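Labels for the chains are A, B, C and D, by order of writing; each one numbers its residues from 1.
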Amino acid sequence: MTESPGRVEAFSDGVFAIAITLLILEIKLPHVEHGLWAGLLALWPSYIAFLMSFFVILIMWVNHHELLRMVQRVNYPFLFANGFLLLTVTVVPFPTAVLAANLATPDAKAAVAFYCATFVAQALVWNLLFATMVRGGLLRADVTAETISNVRRTYYVGVLVYMLATALAFVRPALGLVLNASLWVVWIRLGYRSESSVSSLRSES
Amino acid sequence: MTESPGRVEAFSDGVFAIAITLLILEIKLPHVEHGLWAGLLALWPSYIAFLMSFFVILIMWVNHHELLRMVQRVNYPFLFANGFLLLTVTVVPFPTAVLAANLATPDAKAAVAFYCATFVAQALVWNLLFATMVRGGLLRADVTAETISNVRRTYYVGVLVYMLATALAFVRPALGLVLNASLWVVWIRLGYRSESSVSSLRSES
Amino acid sequence: MTESPGRVEAFSDGVFAIAITLLILEIKLPHVEHGLWAGLLALWPSYIAFLMSFFVILIMWVNHHELLRMVQRVNYPFLFANGFLLLTVTVVPFPTAVLAANLATPDAKAAVAFYCATFVAQALVWNLLFATMVRGGLLRADVTAETISNVRRTYYVGVLVYMLATALAFVRPALGLVLNASLWVVWIRLGYRSESSVSSLRSES
Amino acid sequence: MTESPGRVEAFSDGVFAIAITLLILEIKLPHVEHGLWAGLLALWPSYIAFLMSFFVILIMWVNHHELLRMVQRVNYPFLFANGFLLLTVTVVPFPTAVLAANLATPDAKAAVAFYCATFVAQALVWNLLFATMVRGGLLRADVTAETISNVRRTYYVGVLVYMLATALAFVRPALGLVLNASLWVVWIRLGYRSESSVSSLRSES
């Protein structure tokens, strides 16, 4: 299959764009019995859940973008590995809603743990997707072994940190969320690095 | 009409991407009176319904992709046959929600039968779409009679198996769902085959 | 402004695709106190409303497609006239939900009249959009005066028939809906004709 | 990073298209105890909120379009500044729903102030995005210093006027809304001007 990744990219972008925009539907109307401002303030768990999921999906979109730039063609296993990744993206509004509804209740620990656990699953699928790319020989010739091992290492770390965040959530839910969010920095730095390695190779060629 | 299938493809991709992402809205917030974990577990019918519909739409998207690659141009009947197909795609969240709401109730048989029946309708429309392509002379010159009869046969089988799954649902709903899901393998294999025949022809030309 | 209509087309396609896919969210879960099948049957007003709106949006998408093929460039007034058209497209799920909720009630007359009236507004905006195209000199050189007057006449007829359907709804709501749906044939035939005139001109050049 | 803005544009367009189409979901079914027409009339706050947000998003889409036409390449800070802008776009359905639910209640002042305040945040992010473009050297060579200072000035004015509208809302909510809407004219005129300066430069080159 000598197909270019164009249509997969367009479809994936569509799913990312829709998932990130649907998040707002999870914020319900504020109760107004104590005034609208009090009602709006009481929605703070919804705002936290919304912002966390918005930035995760945004960063994942950027990374997906970077990853597809390393690809010169796609095959069937890639289509389905990518489909699994999109599954973990479309799912995000659900744990987000669960987090928003329970963050200010005695169920906060379970809610944060569930929220973090969905990202463990997602981090595993990023590993699967990258393995499919490497094994299928889909990478461009100018992607170095160093870039590959760099990406792979970061994806392993991602799984571990999300597992740690999940475990931490059972004890200190707030810290679990903070650890979860701290991974944004890792993903952003990954993007920078893989980008610069591709760019430098490109400018050489 | 000498139009290329580009814009139909983009519009269809949009509908597939939105339908697959809207599915998550059907999973409602868990009840927490027995704790959040118990509430999350009790949502198992929603997870099954979500996963089944997610993978069906994903596979249909891949197959739609393959089908449009056989096309060299589109005409008006094709636009409307494709519109009927999109109708059966946008509809999916509704039987999915019905399935999720009733799978763990005495109405499970009816719910699974209704769910499977919507795919009978969809399989009929795939046949209609392909017939429109063949009759309208829209196929590329390098699509062999063998590929055509292969696709046609698989689409006939699809209708029959979905009808069987619908009938089975009235007796053993769980088996009906399993038979329904077993068609994924058929659709994936169809994709592989039509792809390889197109590819081999392409490399010859 | 020498811009090509590409990005307007992509944005409009996105809005059409989303609006047509959101329609299904208006079909609520069936009540099951008399069994699921009875509950599914009782949703017939929702199915009628869904199907009517689905086909209208589908046909409007095809026509929008045809209309933009007549355009060689876009200007600012066109962007906003097109924005008004998209307004009348994104609005459709609301009268659809109103129709579905009231078609089997004593409010059926008002519901059908309201539903038809939104299409009067939409038909007026199609006229506005086309006038913006003609006055702004946005049409391609090969679009004949005959095609222009043909499109214009059909759009006028559209306004009149939708007004008639609205009036009829106050007396016989079912007939109002049928008249409303009968316009699909007019729009489809308009598409055929404007297409063939463009095609024939293209093959000459 | 020598990437063209194509994929950012496509992703942003997707988010704009979805956000603008989701707005209609905020209009709930009318109550019919006093008849459907009375119920439809009683929804006037929803119609005002819907129309205001629809036109704001439409105009922002047009402006985003214009802004990206000034860009010759994108970098990482731009991706995230643009992400912040998309955050303020996806958020719009929430203040819209709050406005619709409270405009006809004693909480109208708070609702309008909250609605206007979200656009203060958005106007700040437009400033951030433009600063990122200028500082990163992302602008095309033919964008003049005059155009830059023109855009910058308009964005400053936007922040100030939205702040004024927010303050005004605490006293006269209706006037706050009118002032908010009056900014449409400013944004539209900005679009016209930056467009004509780009066009004139283009025709010279």
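We take it that a contact is a pair of C-beta atoms (placed from the backbone, for glycine too) under 8 Å apart; a residue touches a chain by one contact, two chains touch by 3 or more.
These figures come from a predicted structure and were not determined experimentally.
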item: Common touching chains of chain D and chain C; value: none
item: Equivalent interface positions on chain A and chain B, same or different at half; value: different
item: Between chain A and chain B, centroid-to-centroid distance (C-alpha), Å; value: 27
item: Mean-CA-position distance for chain D and chain B (Å); value: 38
item: Set of chain C residues in contact with two or more other chains; value: 10, 14, 18, 22, 25
item: Category of the chain touch graph - line, ring, star, complete, other; value: ring
item: Contact pairs between chains, per stated definition; value: A-B, A-D, B-C, C-D
item: Of chain D, residues touching chain A in the complex; value: 1-2, 7, 10-11, 14-15, 18-19, 22, 25, 76, 79-80, 83, 86-87, 90-94, 97-98, 101-102, 105, 107, 110-111, 114
item: Residue numbers on chain B that touch chain A, as the complex places them; value: 9-10, 13-14, 16-18, 20-25, 27, 29-30, 32, 35-37, 40, 54-55, 58, 61-62, 65, 188, 191-192, 195, 199, 202
